[in-house]
Every structure is written in structure tokens, then in C-alpha cells.
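Here you go, one structure.
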Amino acid sequence: MVVGSLRRMDLSWSPTEVAFRNEARAWLAENVPSEKLPSGDTRDGFALHLKWEQRLFDARWSVVSWPEEYGGRNATLWEWLIFEEEYHRVGAPQRVTQNGIFLLAPTLFEFGTQEQRDRYLQPMASGLETWCQGWSEPDAGSDLAGIRSTAVRDDAAAGWRLSGQKTWTTRGAFCTHMFGLFRSDPAAERHAGLTYFLVPLNTPGVTVRGFGRLDGDEGFAEVFLDDVFVDDAMVLGEVNAGWKVAMATTGSERGLTLRSPGRFMATADRLVRLYRDIGARASDPALRHAVVQAVIDVEAYRLQTLATVTAIGDGDNPGATSSLTKVFWSELDVRMHDTALALLGTAAELEDNGWMKDFQFALSGPIYAGTNEVQRNVIAERVLGMPRR
Amino acid sequence: MRFAFTTDQLALRDAVREMLAKECPPSEVRSAWANANGRTASAWDALTGMGVLDALVPEAAGGLGLNMLDLVLVCEEVGRVALPEPFVEHALVAAAVVGSGHGSMSALVGPAALGVYADSVDAVLVEDDDRLLLVAREGLVLERQSSVDHTRHLFTVDWSSAEATTEVGGPQECADAFDRAALGNAAVLVGLAQHLLDVTVDYAATRNQFGVPIGSFQALKHKLADVRIALEFARPLVYRAAHSVSIDDIDRSVHVSMCAAQAADAASLAARHALQCHGAIGYSDESDLHMWMKRVWALQRAYGDPAWHRERVARAILDED
Amino acid sequence: MRFAFTTDQLALRDAVREMLAKECPPSEVRSAWANANGRTASAWDALTGMGVLDALVPEAAGGLGLNMLDLVLVCEEVGRVALPEPFVEHALVAAAVVGSGHGSMSALVGPAALGVYADSVDAVLVEDDDRLLLVAREGLVLERQSSVDHTRHLFTVDWSSAEATTEVGGPQECADAFDRAALGNAAVLVGLAQHLLDVTVDYAATRNQFGVPIGSFQALKHKLADVRIALEFARPLVYRAAHSVSIDDIDRSVHVSMCAAQAADAASLAARHALQCHGAIGYSDESDLHMWMKRVWALQRAYGDPAWHRERVARAILDED
Amino acid sequence: MVVGSLRRMDLSWSPTEVAFRNEARAWLAENVPSEKLPSGDTRDGFALHLKWEQRLFDARWSVVSWPEEYGGRNATLWEWLIFEEEYHRVGAPQRVTQNGIFLLAPTLFEFGTQEQRDRYLQPMASGLETWCQGWSEPDAGSDLAGIRSTAVRDDAAAGWRLSGQKTWTTRGAFCTHMFGLFRSDPAAERHAGLTYFLVPLNTPGVTVRGFGRLDGDEGFAEVFLDDVFVDDAMVLGEVNAGWKVAMATTGSERGLTLRSPGRFMATADRLVRLYRDIGARASDPALRHAVVQAVIDVEAYRLQTLATVTAIGDGDNPGATSSLTKVFWSELDVRMHDTALALLGTAAELEDNGWMKDFQFALSGPIYAGTNEVQRNVIAERVLGMPRR
């Protein structure tokens, strides 16, 4: 909210935007499967979700904000927000392509070569190629700079040989490609000497082992790399500048793009409906105001996003404030599920209510994309300017 | 869609900030703690000079013809310096109803209201059975009530024997006046919280214990990060409520209540963590900190406490069908 | 005045702890996640052998003639290893009412109860319109309900067509049976929380990030200190409730509700912080952590959720006279 | 609860204890001033409180657990707890002698010489001599080991010369004596080389300046020491072993002795009465359960104290667990006052309700006697055994 303009605040949507919303709403009403799909974090569910992704792509709803040449609609950020609101409002399926579309793609647009964009974006948008993250390692979780997987230069072959182990790779067992960081300069330490690579998972030397998450789905994978050759075209950004490139991706993950307000608006709506159904019977009188506070917080999140998008339009860069957003939405999501389970009372433990499984997923929010402990350090040091240790 | 302030609105904020930095430094707030009326020596005149006290009065009636969206950032500045003046009551509530030319005014609107500075203003706008009345100070019977914030000269106000009262509004004006008060109060709380955060961040960088600045400890970092987060997600609600009030949005009361609850909670958190991070130094009345904290403790429940506002939202979103 | 356990009570706890360490290691809990009845291979027989399943049965009737105070520490041990067995339902509820000789039993008492392990026990004690009935398993119509804890084989239980039911108690026995269940459940939750704290402290000492053990970070220290504090101030309430139940204290239901709310909240906090401190490693089902957390999520609202218990206390202390 | 015994748990009071309670209750009912005294943290209030202390002492209620020779009743720990319950229940005046009686005295009993006990205990118990703490310094607050005030050996005079500045000394402007730590070995660092001294505040070279606290009372003081001579008899414990002696005092402060359950039981009772009066009109439905939770927490605190006293009787040493207690009661006290203010709603800001002033005092709890941040470090490192940084 720091960049000025003579245009006054206006919280209404333009006729074009309203038309866009109506078009999206109509298409979704027509096309969203009436039966909830099985979880996309299971092998069978993933395949069913890819069919849905293909359908989205065919109707050009997969990547609305992308240029038309890659399957998008050249939609504005506002329209993209509108689409996400409608998407979540109607309860459309989880996007199993999200790590590619919402994390890698913005990085490709910013750091990729024209060849890389032409090669990877459209298959990503259609779900033909699916991407997982290859960042965390057994000894590099919160401390991403502790990465040990290596990229050794192979001048003769004009490429690199990757070795090491990545883990907690969401949907890694079902994806076709991985993006990740590797240590390309063995002499450099911590954030230096890392390079950002794109890795087809069918490359010789790659072994993928899926394993279960807290909620029982096989949503995690370990990816072992043993002398895996990738050519120079697979480097995203500059060699040894991978940290900077990755930070752009994590900024996207923590901030605006992945967790749009629509998701939490939809959860708050479900919570309000649950309260209307059973709130009067709940034993805890505090839940009435807990539900209200959830709605207030979601509204605050939506409005903060509108302010951020306005600021981006004015040329401002949100920067480290994405850490504020990440802590807020992840803990809000947990609170909303806590409230729902409290409303359900003794029935909360039953899996058929849906909330218990979503609660477990919500608990991953304060952990992934950099734990909230790390985010609070970032807020203190980079937003507030407090001293580092 | 555009959720941002205009350059003019930001310029007005900056001008007020610059003026208040001169007219209301902490020493001036400290003076108001001890002086006869709890107010500043010259800030009121300076605000009058800038026209902001009549900002909501139409230009035709001698005001600036601005609206709540233009004034909400000014309220934040008022909070930031803990200005001990009936700014919200005069500029946002009374003048907006009766226009200029009545001298300085206080206002009593909403549940369980007391009259702040009722002994030193020229008139008080009171809510009486769904009507708004303007009553000259001479006609009031006042009884002093002691607030935790000694600059807040508070009074129970009895106007039953006043001869000169003018009816200046009905039920809708009462409701709107209360909403403006609650909104202005929320913006003031945001400003107070921002100041508490700023001084605490500064203090934590300079105070050393265990051989390092205490601001390098994670426990302090995380507390202050939480305050920063609370502010980040209170301000947009305040600004949206200001917008809704400025365009008479049908949901403006709900929007005001949302921001009132959020801002009060953010300010309360800021005061709590500011004191804990300052430790014993902040617990002394020789530190300026206490004047900001006590203003928060006074205002966080003024014009409806957070639960009152949450309940107003609840009735709108949970009980409707 | 003496608020401590006897050496005999501690010795019984130690003996059970030693036995359960052998009979119910984490691998056994993991097996129960996948096997047919969700129970252990041999722990039930070992508990039978020690006599603790009939501990509340009078000696004359072939039991140990102990009381809740003797058994409360055993319940903690049951929680500590996350024993997947109807220990509370059999030993604290059913056997205490009907004595031994009915095989293994489950129990349905209190609000919204489901029958745990109702498919693999020999009989179920059910509360029916202020009466307690003992119903043989063959007479029950069971419908499986899926708990977040897959070792908890849960069922809605319909005994309306059962031929062999025996009435074994009236209103007071119903109330006492429920209180014992809620108390036993609270003690189990304390044991679960203690285990979650222990393994998290251990993990934080060995996991390195940023070149140091993550347990050296203040953010983790303070989280786990809070869990330790929560346990410190939950246990005395649990032990006092056990004492009150053991002497039929007139306030025993209030005491049970106090400990039930406190223990559930402590366990919930322990699970929350255990997961956050473990990070992604704890989020994988290859870690044993999830089995303990899910038991907490299941039991923290069993036999009355914390708000239900607080409301029971509220009626006793806020609404009287 | 680790030391065994064949005696079964018994939560009843013996006839002797009941008689003791009845005697205390009857005396207090007869003697507690019907008008609340002005705050003992003001000069005038302090003097009035000393009159009350003298009356307590004359009736041998001032220091019930002390030996009779010093004015006590040789009461058991249980009886002492009973007395404190009764004292707070009836709303008897704050003990302005508490820093002497509850902090210094246990240290004198443990580390003092017979001469020191004979000289200081009885005047302390009667309020003839009043003691303040001289620990904190401008640069040694949470970090008590950062003490810079010095004690320089004066062999010729068989004593020490003290110089430096102490601050945040509660009631320091009204007291006659101070106890505190001084750096006696300039070569030693941090916890080493400190000595625990007793200092009459009328000694030449001492200057005391009172200043106000958050709640407006002049309850704090700075104590400046400029070459203040004290003889060897004023050393408590061994020279250069002051840290160990002081830790015994802070253990008392944080743990059992200062904040007996009676104080919080009385606050919870007031809160319940407030709820019964106005709870039905409060706008926040959550307050009903907040009040209940306060009662539960106070009950937990009382029971935990009973367990601790039992363990002490069995020869156990509570040790670092006093940090658990300090964090718990201080934050419970804040929560109770938060709840009361929320019940009062818009009237909370008014000083005549009493709660607002007590709320400010409650806020000092998480700060004094070692901030709760430091206590949580102690719990993590010394109770849980987590690694130091």
C-alpha cells in the first residue's frame, strides 16, 4: 500500500471481470465431477485427477493467467483470483499439477530460456508432464542450504551428473519430472554453489520410492539419484545461482500463488455450514465466536491479497512479506479445522466426517514450504530488521 | 478493483504525521498525564489549522468534504503518537453530524459510553433513545470516572436537565455515528500497536543481555513477528471498513465490527509483547511505554469490546438463513 | 494430608511398564494397525496374568480388590505404549461392575458412545436408559465406524434384539461407570502425552539443522517446556480424581471432569508440538509418531470432550445457589 | 511423586491442622482491617502496612513456620499452607515484608551463621527492619550473571567496600536493608566470583531513589552504592560463592514459598463471584469456560503444591521444577485478570473496579524473578535435558 496513485479505492469488479467470473462459474457448474474424486495423493486418484486436469486444460481453465500460446487466457491477476475463488467455491478437485503450475512455472517465466518455456509449459499445463519438488533432503529440511546432493560437471557430454537423495517429495511416486537444487560447486558452502536443475524421472540412475503421509495417503516419495546425466538445457537460471532461483519459487509457494484466498474462503464456508447444522448442540459456547473469527481472518486474508495484487500492479515487490502470509494462512487453516473438530465433539475422530483427514493435511501447513519457525525468523530479521544471532 | 490509497490520501497522512511529531512528542503525552484537562498544549489548534477536524464536513458548509477513507490513515497517526484529544469523537462523530461552528465536541454513542473530555469541550453529541442530540457543555451534569489512562478524562454525562439540546439525527444517524466511532477507534488502535512494535524492535536491538542484543533471541523474534502478522491482517479490514462506510455499503456495520475486533486484538497483543520484551524497564513509569499500553487497555474495549463486535458479526453470518 | 502414591502402587506401575515394554513395543502397535481386530498378539493375556484386568474386582470375587488410585498409574502406562486394547473399558468399567468370569469386555457409557473392539470381546456393558446391561457379543448388531486411529475398531452397537441381557446396575452405577471411564481415559492421555514429549525431546537432540541440534533452538525449547508444564499441572488433577473416586467423594464427578479437560488439552498440545518439532519426518507414516498422535486425536474427545467436562464443572461451581 | 511410602494418599486434614486453621481464621476475622489499606507500595501505605505486620507478629502469625525463638510457631509446611490459604481467603493486606520473610529468611536458615540468624530474623519478622532485593542492575536483568557492582576487599578494616548500582528494587525507597550480589573477584566471570551481602541502607555512601511502576505506585527504587563499607559479618554464605546462595533464594521466589496457592485461590474466587454477578450480561460466551478453566488451573496448582510438599516431606528436592511452577502461576494470574477484564467489557478501563490495577500487577509476574523466557530455557535444559546453545 505504499505506491501512490490518483485512482481512488474501488472494491467492485469491472463488467469484464464479472463476465469472466460468470463464465468460469458456469463452466465449473457444468463440468466439476459430482462425485468427489479419490485423493490425488494416491496412485489411482492421481490418474483420475489427471483426466480432470486434461479437461480443465482443454477448456483453457488450467492456467488462466498464462499466455494463450501455452494454453492460458492471458488473464489478469484479478481474473486469476476470481477463477480460484470460483474453483474452490464449487469444491472442484485438488490440483495435482500445482507444484509445476504454481511453483515451477512462475520460475520458468522469470528465469527460464525461451526454449525451456516452449518445451515444458504446455505439457505441464495439460498434465501430460507432472512435476514434483526435489529440494528437501534427509539432512536438509528447514535448513535448505544444507543440501548435499551433487551436480558434477561433465564437460565432454556438455551436461551434469547428479547424485544424492531427495525426500518428502509430494506425489513424487506419480510424477514424470522433478525440479530441484544440487550442489554444483563443492568448494562453496551453504547458499552458494547450488544450481537449479530440471530432471525427467525416467532418466537412467533415478529411483523413486513412494511412502505414506500422516493421513495415510502415499503422498510422499524419496528420490535417489545415482550418477544421473542431464544436459545443459536442464539448468534453470545460471549455474551456481540456484539459491536465487529457488527463493523465487519458495516466495511463490509461501505467498500469493499457491494458497489463494479462495481455498480458505471455501473452508470458512464449510465451517459456517457446520456451525449452522450442529453449533447449537455443541458443548463449547466459545465455538460461536471461533467460527466468526475464522470468517474474519479469512476476510482479512482475502483483503490482504487484494492489497498485495494492487501493489504488484503498481510495481511494488512484496518480498519477504510472503512469510507473513504463509504463517497466517497455515495457522488459520489449523484453527479452522480445530474449530470444526471441536464442533463435532466425540464424533470428530470418525473418518467419514471429512474434517479429520483435512485436519491432518492442515497440520502440514506450518511445516512445509519452510517451517513457521523459520518464517518467523525471516519476518523478524528481514521485515522488522531485528538482529541475526 | 483497487485496494490502495491515493497519493492525496497518503500526502494528508504524511502531513498530519509530520505535524504530530512536532506537536505531540512523548513529552507532551506525559504532560497531559498531569495537567488539568488531559489534553495537549497546541495539537488541537494545529489540527484545526489543517482542517482535518472538519474533514467530514461538506465543503459547502466550510469543511473539507472528505470521507472516512480519506481520514482513516489520519486516525492511525493519531494513535501512533497516542494523541490525547477527542479526535475520533469530534472529527469522525460529532462534526460529521452537526458540521463546524460548534467549537470542540465530544460524543457519546453506542453501548455503555462515557464522555471523554466532556469537561473541556464546548458541546457533546449524545445518543438518546435512537436520536442524536447536541448539548452545550454548560447544560451537562458530569461525574468524573478514572480511566487507567490518566489522559482520558472520562465522565458519566447526564443531560436530562439541559435546556439547550438540538435534535440532529434519528436511528440511522445514531447507527452510522457509532460505526464511525468504532472504526476510528480501530484505526487509532492500529497506530498505537504500530508504535509499540516499532519501539520494541528498536529496544530489542540495543538492549544487551547474555552478551548479545536481546532481539537476537528467537523467543523475542517470534513474539514480535506475531505482532507484525497481527497488524498485517488487521489493517486491510480497517481500510475496507473505511471504504464501506465511505460508500454507505449495506454491510458497513459488519465490516466495522470485523475490523474493530481484529484491531483491538492486534493492539492488545502488541501491548502484551511490548511489555514482556522490555521487561522491568518497560514496567517503570519512567519509560514512555506505559502511556501507549494504557491507551490500548482503555481503547481496546471502547465502542464495543471485541466480543460485542464478534457477536454482531455472528448475528449477520451465522443466524441468517 | 499426603498426596503421593504408595511404594506398592509404584511397584505395580513399574511391573506393568516392564511387561508392556516387552509385549507392546511400537512394532506391535504398528501390527495392530493392519491386523484383523486391531489388538495385540499377547498383551491382553499378559495383563490377565498379572491380574490387573480384574484389579477392581473384590478379592472375594476372584479379583485383586484394588481401587482407582491403585490403577491410575497403570492407565498411564497403557497410554505410554499406546496399547491397542479395551483396557479402560474392561478393567475400569465393565469388570468393576460385573466381576470376572465374563471373558473380555468392552463398554458403552456416557454421551455418544461407540463400542470399541465390540467385535472381538465376549460381552459389552451398555448404558440403557439409566440402567447398566451386560450383553453377550452374539446378541449385538454391530456397524463398523472408521476412527482416525485404525487400531480402534469402533462400532455402533444395537442390543435391542439381544436375548441374553442382564441388568447389572441403576442410575448411580451408570454415573460411576462413566466417571471411571473418563478418568481412565484422562490417565491414558497423560501417558500418551508423556511419550510424545519424551520422543520429541530425544529427536530434537539428535536432529541437526543449521549446524546445531534443533533442540538448541529456543522456539523448540519453549514449545516442549510448555508441554512439560501442561503435564505437570494435569497429573495432580488426574491423581486427585482417582483418589476421589476411590473414596466415593461427593465431588468425584466434578474432579473427574476437571482432570478430563486438563489431560485432553495437555495431550492435544503434546501432539501438536511433537509433530511441529519433528517436521516432515513426523508427517510420514513410516515414523511411529503418527500412531501416538492419532490415539490422542481419538481419545481427546472420548467420554466427553473438554468443553463437555468444563460445562459439567461450570454447572457445579458457577450455577449453584 | 517419586519417593515411596507405605502410607496411602490422604487428602484430609488432621484434627491438629483443622484446629490450626480454625484458630487462624478466627484471629484473622477479628483482626484484619475492615477497610482495605492503601497500597503498601506507596510511602504512606507502607507505614500503615508495617503497623499491620507488627500486629501479625505480636500474635505470632507473621512467620508461622519459623522456630518460636524468632517469633514463629514452629508450624509444619502443611500448617503454613493452611495459614496462607486463610490469609488470602479473607483478603488480608499484602505482606510488605515478604522479600525478607519469604526470600532472605530461607537463605539465612540455610546459609547464615547463628549470629546472623539471631541478629536479623526477629526484627525482620516484626517489620522493625525491612528488606529489599539488590540483584538486578541496569545491565543485569534477565542475565543476572551480568552483575557489575563490585565488592573490594578491605583487609585492614576486616570488611568490604561496595560500589555500583542496583535497580527495579521493589519497595527499596521504604526499606531499611538490602540483600544482594556483588562481584568480589574481578578476575572471575559470569556466575563465579560473586558474593552475597547484607547491606543496611543507612550506611554512608548509599543513595536510594524511588521511582514509579506501571501501576503508578512508587514501588521501584534505584540504589546507588559509592564505596560503602560493610564488615565481614555482612557476608551471607561463603565469599565468592554468592551465586549458589542466590539461587536458593530465587528457587524460593519462583517456587513454593512466595506465591502460595492461597493467593490464586482467592483470585479465582473473586473471578467466580464476578461471573455470577455479570457473566450473563457479558458479550463473550467463551468467558463461562474461561472462568471454569481458571478454577481448574488454580486447583491444579494447589494440588501440585500438595504433591511438592509431600515430596519435600519424603526427602525429595524439587530443584529446577520451581521454574515450571513460576511460569504456570504467573501466566495463570494474567489469564484470570484478562478474563475478569473481558467480563467487565467497556467498564474494564475504569480504575475503581480494582481488576485493572491488579491486572497490571499480574503482568509483572512473567517478568520478575527471572523472565518466563529464561524459565522456559531452564525447563528445557535442566528438566527436559535439551541441548544448550
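In this document, chain identifiers A, B, C and D correspond to the written order of the chains, with residue numbering beginning at 1 in each.
Assume a residue touches a chain if its C-beta (ideal position, glycine included) is under 8 Å from a C-beta of that chain, and two chains touch if they have at least 3 such contacts.
Keep in mind the model is a prediction, meaning the values are calculated, not measured.
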Of C-D and A-C, pair with higher C-beta contact tally: C-D
Centroid spacing, where centroids are CA-atom means, of subunit A and subunit B in whole angstrom: 39
Computed distance of Cα centres, subunit D from subunit A, in Å: 52
Subunit B: positions in contact with at least two other chains: 217-220, 222, 307, 310-311
Multi-partner residues of subunit D (each touching 2 or more other chains): 284-286, 288-289, 373, 376
Graph class of chain-chain contacts, one of line, ring, star, complete, other: complete
Subunit C residues touching subunit B - in the complex, by the definition given at the top: 217-219, 222
In the complex with subunit C, residue positions of subunit A that touch it: 136, 139-143, 146, 167-168, 211-214, 216, 220, 282-287, 341-342, 345-352, 356-357, 359-360, 363-364, 366-368, 371-373, 376
Complex contacts: residues of subunit C adjacent to subunit A: 111-113, 145-149, 152, 154, 208-210, 214, 217, 219-220, 272, 275-276, 279-286, 290, 293, 297-298, 301-302, 304-308, 310-311
Subunit D residues within the subunit C interface of the complex: 1, 3-14, 17, 78, 272, 275-276, 279, 288-289, 291-293, 295-297, 299-301, 303-304, 306-307, 309-311, 314, 321, 324-325, 327-328, 373, 375-377, 379-381, 383-389
Complex contact set, residues of subunit B against subunit A: 1-8, 10, 69, 197, 201, 204-205, 212-213, 215-216, 218, 220-222, 224-226, 228-229, 232-237, 239-240, 243, 258, 261-262, 307, 310-311, 313-314, 317-318, 321
